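Sending over a structure as structure tokens; questions will come in a sec.
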Amino acid sequence: MATEEMEKLVRREYTQGFVTDIESDTVPPGLDESVIAFISQKKGEPEWMLEWRLDAYRQWLKMKEPSWAHLNYPPIDYQAISYYSAPKKPEDRPQSLDEVDPKLLETYEKLGIPLHERAALAGVAVDAVFDSVSVTTTFKEKLAEAGVIFCSISEAMRDYPELVKQYLGSVVPKGDNFFAALNSAVFTDGSFVYVPEGVTCPMELSTYFRINAANTGQFERTLIICDKQAQVSYLEGCTAPMRDENQLHAAVVELVALEDAYIKYSTVQNWYPGDEQGRGGIYNFVTKRADCRGDRSKVSWTQVETGSAITWKYPSCVLRGKDSVGEFYSVAVTNGRQQADTGTKMIHIGEGTKSTIVSKGIAAGNSDQAYRGLVKIGPRAKGARNFTQCDSLLIGDRCGAHTFPYQEIGNSSATVEHEATTSKIGEDQLFYCRQRGISEEDAVNMIVNGFCKDVFQELPMEFAVEAEALLNVTLEGAVG
Amino acid sequence: MSAAQTFLNRLEERLSERQAASLPEPTWIAARRQAAAARFEALGFPTRRDEAWKYTDVRRIGEGDFVLARDAAFSKATAATLTLPIEAIRLTFVDGLFSADLSDLSALPSGATVEPLSQALANNHEAVGGALGRLSGVEFSPFAALNTAFTEEGAVIRLAPGTVVEQPIVLQFLSRANEAAVMSHPRVLIEAGARSQATVVEHYVGETDAANFTNVVGEVLLDRGAILKHYKLQEAPLGDLHIASLHVDQGRDSRFTSFNVNLGGALVRNDLVADLNAQGAEASYLGLFFAQGRQHVDNHTLVNHNAPMTFSNENYKGILGDRARGVFNGKVIVKRDSQKIEAYQSNANLLLSDRAEIDAKPELEIYADDIKCSHGTTTGQLDEKAVFALRTRGIDEQTARGLLTLAFAGEVMEQVDVDAIAERVERTVAGKLPERFNLAELVDASLNEVHDAGLGEE
Amino acid sequence: MLEVKDLHVSVEGKEILKGLNLTINPGEVHAIMGPNGAGKSTLSAVIAGNEGYEVTSGTITFEGQDVLEMEIEERAQAGLLLGFQYPVEIPGVKNVYLLKAALNAQREARGEGEIPAPEFMKLVREKLAFMKMDNSFLQRAVNEGFSGGEKKRNEILQMLVLQPKLAMLDEIDSGLDIDAMKVVAEGVNSLRSAERAILMVTHYQRLLDYIEPDYVHVLVDGRIVKSGDKDLALELESRGYEWVTEESAA
């Protein structure tokens, strides 16, 4: 196919960029201990939590922003960011969907997520975070019946302080890295899930995040604990409105899986990627880590990343329990001037631990993306196994795709395999499809979707459909 | 006193000695030496915080105090046991200094020049100055800067266009068991004219009890259509510290093959960089490293596809026993608009002990789309099915494992076409295998049989 | 229906077709035979629109339309379909998706709506059964991991579903055992109709025992040097190609 046509295919407009006008309760830009105290007080947190935050902040002050990633962006002015905003007054928060600000519901409509319908039809409980405060939680009763706790982390701190105290920061310590430390100091909200022993969560849990209010960074904190023999599937999806300034997003997600527990965490990420010159996109610096503490526990990360100007994200598994299993399935699509440095870490500590990594990267336009992964096999991880498949597809000759896998193997009984390929869409495949009468654009979509199949099939059904649609939108106009 | 300062003091001493002995040197060398020393002083030795040295700790070098050799005396009898038994054009260096006694240039054809660096500088320093340092200046690494600061001796090989050198050119670097640990900073320069062809062997070996530091930098310039096979057989004494970098610049349709075999040394780091600068250039990297005890072997390779229609292929095998540690970092960079590239990389490692460790990092950095690139790495154990198959043929389990380990290395070694090297490696690998494998005698016997039957090369 | 006039085609500067003429009418079955390297596969590839070939002069018209001006998919939608000698593997893309997308693209081009799902499935199942293919083929990725015979059957299956006006079969018999060949031939024969034409490219006469051509053309060195009926194929089988070459040179 001619390069110009490919180029055309690569260009597209962001269809989900718009701004909702809801009055925010926002602190002025800047960060110091008083801002942290303000956040903590606003959220009615216990004293120990404030101390925890301040400790994180003090650690953060001593840390340097990491520069090892294959990313290029202007320096972030952390004092120019406002660290708290809440829609309406917290005490007036709606208790049911009927009470939700219609503008917010409208926002979800525009995103193609009719909340009530979707929740009812798909049997999904939705904990929606708008800016930094949780505004609605549904299906709580049904979950409560099963004994599952699903609420905002602020509520959890109030209602289940022992659980929060026990697990918060136990997977991603406060000072783990620059962005995690920042998050620990200033996080405003996020989700909390606890599935008790032996319980299989009766529905898929889902959260939608949005960034709004100019210059407001979002710092979600998610904590999911799956007790012995418990199971949960959690879906995270996000999109953001168009903005001129770059917006910072530094979330932390901690998963804890005890004996025989299984956590499936799926993400479709579609933050605003910036305009054609790359202006105004979201900076996404996320720390996601799972601790497979119990024997035979299993955590599966699946992600479809199509958005953000900058993505820095490595969902990881610490495989501590004997025979525990970690999985990472990822599709990353970059276009325009997007940059992504993403991958995973599989840390094998326990005997008989297994991990699988399947990463599919698609780079188009002037974008640049890197897979960065670590597979570490410790001396006690007898019989550990890892298989990694890491493929990149290039569309157009102005983009870049890179692979940086680290393997640190310290056990002779381990088996570690890594395969990676980089290529463009096969001319012969395109010709074959077009010779069957299929347009070039459809053929590209079809081939790209086929390329991502191994990952999409890991997504829950509704999400898989959404992901395929998203991929087509992303490459739309990117091809056509 | 900083680690760097210790080394710079040794440099000062050497320079005053040279001055006292009225050994003049061209002003350009003095200037480069000075700039390199300043650069090295500014950089200091790399630490594990440097990405390129993440898995290799060089404090043993930085904290050491190494003197420079003053003579090249070496027992002829010992040398005879160490030298590769092949007819070759040979330059020998003892602790970095040239030994005319142990060198032999009689088979050198016209069109080819092979001489020690000191002599090349004395004869026509301007001719050397143009090429020397073109590929590896002081920027590559602190060690390259250190080498440049200490530039004194080495080998210069020049092939006129169309020259075909039949016999291998062997550069033999002998390490002596000295009272004080010695360092050397040899420099190798190979300029191969258009369509010239040669095989160069860098052979590092020495007296068993030696514990010296070798810091070598090599530069290879291949003109249009030149073909060079470069063997590195590193079987330095187990106390030696060995740092090496080889930089290759390839012209149109040139072909470069590197066989990088590392069996010796306590701490070894190899950097191999090829720049494929014009269409049709092709680089093959073949490597084998076998470490045991507490040996540490780090291989960093890089291929820069700077032009369209260039090809690279890499295959490295590592075997690690005891508490040895191996590092493989292979990188392929495809520059923007370097279309129609093919680049393949494979790395397989075998861990023989639970306390051995391998750190592998195969990297691709790609900025062009019409390319075929892949890499694969595997780390694991011997194929149990193969072990079983051999046992059903009546071979005991340990021998079977030994044979399969040898076969694992063999996949790379069978492409070696200097029999003496292949043989030496096979014997060493067999000899290095844990005794329970009981293979050394078997290999010995079979190789001797080959010779007795007159099937060998000689 | 198809008219090829004085066609000259080059690949990377080397002339492969050197003034080829061919006319195909509805209802006819044509076989193009010739020694290796004569340019047999080039002809069908150029008609299908493979961009690796450069048409230096000559014309191809299909039902009055200038084929060389049409995009690859437009040619297919107009009813020019190529059965590949080496069908391409497309990992992850299910056969059923490819079939449906192709059929709908064709219908859309004709101004028809998408085919209703039940109707589509009924059609596909029927054709699968005809080709003695298991329903599970639909769920497998296009040609991925297929045996040689399965790939060729799959090509014919696509023909049966898409119902081209001119079916071009490039060495459809290569790599087939006799049973697979029979199934493929049956599929092709079922395509024969008064409105449809078939163009087969083959090296061996064997295929023509199963699919009887109306016309046989001998392609040597970029030109059709001899045309005849099916007996010509038999003659080629027994005498080889040399005599034709000599005859045409004389």
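Chains: A, B and C, in written order; residue numbering restarts at 1 for each.
Quick note on the criterion: a residue touches a chain if its C-beta (ideal position, glycine included) is under 8 Å from a C-beta of that chain, and two chains touch if they have at least 3 such contacts.
The structure presented is a predicted model; accordingly, all values stated were derived computationally and were not measured.
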Longest centre-to-centre distance from chain B, chain (CA-based): C
Identity of the most central chain, Cα criterion: A
Result of counting contacting C-beta pairs for A-B and A-C, higher pair: A-B
Chain B and chain C, separation of their C-alpha mean positions in angstrom: 56
Chain A-chain C separation of Cα centroids, rounded to whole Å: 48
Intercentroid distance (Cα basis), chain B paired with chain A, Å: 45
Residue numbers of chain B (touch at least two other chains): none
Residues of chain C touching chain A in the complex: 48-51, 71-73, 75-77, 81-82, 84, 87-93, 97-98, 101-102, 105-106, 109, 141-142, 158, 162
Residues of chain A touching chain C in the complex: 426-429, 431-440, 442-443, 446-447, 449-454
Residues of chain A touching chain B in the complex: 68, 379, 392, 394-424
Of chain B, residues touching chain A in the complex: 51, 55, 336-337, 339, 349, 351-381
